[in-house]
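The same subunit A turns up in both complexes below, where it pairs with subunit B and then with subunit C.
Up next is the complex of A and B:
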């Protein structure tokens, strides 16, 4: 017991400083491909290599739809001219509709709508000591009756459609839906098929979207801050930062 | 004499019912039961109320018995209490029977039922009125047998026959013990009349007192369902028709207590504290074991049967406390405890009859009594549900319903044991108090289970889904009893003085003035002792002011000078305040939330596609925590463990059936059965089928008797 306390004191506070200071630790984010200028043949080769049609060309430039990217790295690895890559984690887009009232107390109901486990795992990390969402006034709720945010992971399978609708209807207003992960945004590698409709937006009105497959915990934290109006949404188009995937 | 005229009318109507029954067509018999039964019991109610309120004893000599003794009936205030309670239950049961008996129309002879029913009614009344040993025993035996025949009315079911035999055997053993007790008293007094026995009662030796006490408690205790002679009760109730169950619990159990009170408090005025302690402990253990098995039971009627044992236990505890107080010279406290016991009996009769009617209605109109297969009945049987709820709240002793008043008085009486001197006795009181407190808590669990699992939630079987409401003729008696539950709960200040009158015949002072002083009476402050008013001033209360009209307060014995603490209960005023508070709160909340926009969506059910009955909470699941906690007492045992296999190695299912053999069955009944079987085995050696040996037996017997005759 004493040892445990001493160990804790010696270790000090390891919790991330985000959102008060940028997180700089290695490996907190896998990054996303970024928009950039490329030669036309390279561009077409890269677009052809993308399995989820996240890459496209517009006026001869490479544009990235982050809502589709699954971090497969096919556009970076094994390609002679790799796509520009960008780190960071403030990826959430959308509009924070919840007002100041929820600044210190926001209750989140997490629903697994056909998730593979990856996004759910990242959500679970939030409650750990490193990301510690409670310090920011976020709490996981066991029931939608007391939740302000419905945090949905997974592509929204037909089997979960009814449960999701029920959970949303059971929530008191004002309520916000956060779709987490590429599958929840666009269907990801599954797309629209016999078992799912290609994203949560086909079932519920989504307010905040978090790209990433899975998104790092900090991106989810950013989405929660965005939902309460405590952070700005990600920029519309990412600039080439000159970073390269190692 | 007026009271006797009314009882005469009762017996005449019962006889009329018995005579008419064979000549009335089968389907008209329920109507006969209802009309003749209701009229007869109304007469009985009037007689009982008259005897209780007038406080006079009426005697009638009916003639000479074949043994040469006089047959005497008398109606004193003690009989009056029981007669009144009995009359009320009879009245409700007779009316209820009209609808309930329809279900037997095609299967059993209702003519037989009617004859037996009126016979039982008359026998019960005769037990309460009998004033000599012979007529008492004859009436008791008639009652016992009539009760057995009616409980066993559905005689084409095997389990009913077994239950009936056990009931008959235990009942007869009890009668035998009680008969010996009464005959010992009669022998000592030299007369069979109760009057002579009573005159002689104060002169009895201690040894005889103990013998009579043990025999009478064991004998009458069988009918009262006290531990350890209660094994028949939980078996008889599920077998009996619901209206007979109501009589069994509402009236016949009371007769057991009546027998104990009549013999040990009236015929033999108590002098030893020991019997009181024994009653106290037997009552406490009965109460605790009763409610423990009630919580774990899933059959509605078994549950109610175990709960009857509990209620009789509470009454017996109060009775024991009364005896101890009376023998140690605390007359006022004794009066409180005895009033609590009578109050408990009255309450129990009313709410248990109501609950058995409810269970019978559910059985008849929802097709099952198993709580695991019921549910959701409140939507299909709203009135039955309401009345059952009132009964459940009463029996769980929730204010302002009836059980509260009597349990409160009982517990307060036990707390007053602080004024006793012996530490051993105090310990016994403390044990009883703790057991009763635990019992009260378990009773709430038990009746939350009975009501919630039966009437709330989703129907767990097709039968429960197709339930329908009972006809008005069955709802009306339930409604009347429910109303009585509320009245008995909020008007203890009128009930207690009435019950206090009954104490005159058991030698105690009337408790009315001790318990219900004219506290807020209009302009009569002088009616209270000055000392009493002073005590209250110390507590910060104003006495005798014209604040509220009428009697509304029960005050328990006010203790000595150094202990001026007064225990008081103001259920009548409390009821008014409760209504005002609830109504006021509802009004305020309504006004405050009137402007709010309301969204109505489906209830959150965890997002399942469809909530199936199998997913909901079951009665077994609800009571499981209690089962786990009291595992050491309940000792559940797996009786069957069969494996269903497809091929040699593939197991499909393991079927396991668990049962909770009753503690008393394990410790007493099973042991006795084993002994008896052993003894019967020894005797069976005589029955070897050799004719010459049988002739020798006859010869031997003849020689024996001739020898006895020659020696005299």
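Up next is the complex of A and C:
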């Protein structure tokens, strides 16, 4: 058994400094397309390339609805004038309705309402050494009865509707619902059909939304901080022009 | 020192695909002969095509050679004596039944080919076809507590966006009890259970401490992927193929892209084929590391779980910084890849992969000397080789039970025939054997990456893939969980008329109860973790 103690010590501390300092390691986030100025024909061409209507033009500028982006990279690859792209991960929007009481102890029930596995996998990474959500007073709860937050991934399938509603009803108030991932916000590539509801808000009242397909762990962490009033939401339209993507 | 085999003469080799027209009355005989001849059952593909039912039973040889596909059609099945020559020359054999739409009842083959069991149940639920002799139809994909029988959503006259307004679920539905010992009871688990877990329901039948059997109930995550695929153009189909099971996005995208390319008659450039192998192996390594993490966690060995989690996150970051996406979304295109990579960034990535593989081996060395850990895995959740074969299990689970089936070797695709690698195999079929296979495969993934980066051909990474002509094809790949098959049928306008995914998790969940028989309750999470299955991949 001593070998495991040594192993643990040898690995050292890997945990991100976020939210106390920005995380700058490569590969922690896929980034998102950003708003920007483009010539009219280029603008129209880009908008037509997007399969989920995440891009639009407003007053001749490119605007992005991150809630719909499925990271297909069609607006940056194979296009002569790529859309501006922006790194970062503080993407969550909504209102933190949980007050100060929860800043040191917030219990989260994760529910899979039909996700592809990637969002759930990113949530799982949060518990690992690189993100260590416990250090911030966040805990994954085995039951909704002791949970303050219902963290839902997936577009909300018809056959999960009942279980999801039951879990929500079993929670004590005040409670917050965080919808994680493009599918949970807009249905993503699945849209809305007889088997799948086009987003969690068709089933439950959603308080905080995190875009991304899937959102990286840091974006989910940002959502949790936002829910407890410890971080500001993402700007409605991320204005700055981004860098170029390969 | 490995000597890389140069990949020449791609087109000199031929992969022979037979299609046998068959009458329903001979179906069982023909399928059981193929199964006895050692052909693997890929799946049952039901189509409503030109006012007919087309039922395609796809079988593949376990030792093909890959290469250009040649099709042959037989107007009727050979006589029993002539099966042997057919089986020795064919790589794929499709047994095809064509009948008018009015005929909705067909013989069930699952008493002879057990792997077809769930395929028939799925077809019954989604198409309202009956399979005579099948012991248990109904309540499979569409749960009786949610939908009425007879919905048949995959039929062409069902509109996915305007379902019938009337819903008649059966609230009295209860899971079937199999154990009838005095004092036995049924314990339901799920669909929401554990810490962070996919939505699956289990019914555990128990007489106290010991669980007698555990059956999974799936399809809580049914998103009707195959239905909404209909009418799409090829590139938009790929979006779905990548995103219905995000943790094996590349493997599924690859199978789908290959099917599209076969229909379109397009061969991606050599550089793309090699890069596809590299990305697929990167995904396999990451996926296996994740499964190893889950196994460590299920035994509550926290330090080991953390070590594995570190490696997993490093692989995700590596994938992210190399390709732009942590789960390799958006890379595949019909005709190749959507982007190229600099040689130095590939070389750096492979060096990082080799370092991670080395640390993974170190983790294995520590684990196999931790007796408390081994106690939890050894002789737990045993699947015997005979049962693994009968159930047609696939992937690492099958290879841990003595089956050496791997599509990278059996039906080579992309550039796999150019590399030297082993297919790890174990005989014990228990949880520990599955863990050893995962570690060994992770090492092989790093080995393939090491070879590929040194023999990467120059040139473009994509050729134009024109609008697809009418036609149909099967694409396949060895996903991290096992063999996956994607069937695409394009209509006159080049739009998808039928898309069917036959996934490895679907095959292995079918056999999951073999490992979950007569066990102590606390072993359940461990058995589950060593199978490493995905519900998203099954439910679609």
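Observations on the structure shown:
Here, the second predicted complex is superposed on the first by the 232 of 246 C-alpha atoms of A that agree within 3 Å, B and C clash if a C-alpha of one lies under 4 Å from a C-alpha of the other, contacts with A are read in each partner's own complex, and residues count from 1 in each chain.
Here, a contact is a pair of C-beta atoms (placed from the backbone, for glycine too) under 8 Å apart; a residue touches a chain by one contact, two chains touch by 3 or more.
The structure displayed is predicted, hence computed values, not measured ones.
Within the superposed three-chain model, A:87 lies out of touch with both subunit B and subunit C [touch as defined at top]. Contact with neither subunit B nor subunit C is seen for A:205 once the two complexes are overlaid on the shared chain. In the superposed model, A:163 lies in contact with both subunit B and subunit C.
Residue by residue along subunit A, subunit B and subunit C are tallied for touches, and C comes out ahead.
Of the two partner chains placed by superposition, A:99 touches none, neither subunit B nor subunit C. By the document's definition of touching, neither partner reaches A:174: not subunit B, not subunit C. In the superposition on chain A, A:124 makes contact with subunit C only, not with subunit B.
Residue contacts after overlaying the shared chain place A:145 against subunit B, while subunit C stays out of touching range. Residues 111, 144, 162-163, 167 of subunit A are contacted both by subunit B in one complex and by subunit C in the other.
Only residues 599, 601-605, 607-609 of subunit B touch subunit A when the two sit together in their complex. The touching residues of subunit A, when paired with subunit B in their complex, are 111, 143-145, 162-164, 166-167, 169-170, 173. Within the complex formed with subunit A, the subunit C residues making contact are 142-143, 145-146, 153, 160-161, 163, 191-199, 219-225, 227-228, 236, 239-240, 243-247, 249, 290, 301, 303-304, 306-307, 309-310, 312-313, 316-322, 324-327, 329-330, 338-339, 366, 369-370, 372, 534-537, 539.
The touching residues of subunit A, when paired with subunit C in their complex, are 1, 3-5, 7-8, 11, 14, 25-31, 51, 70-74, 77-78, 109-125, 127-131, 140, 142, 144, 154-155, 157-160, 162-163, 167, 188-196, 213-214, 216, 245-246.
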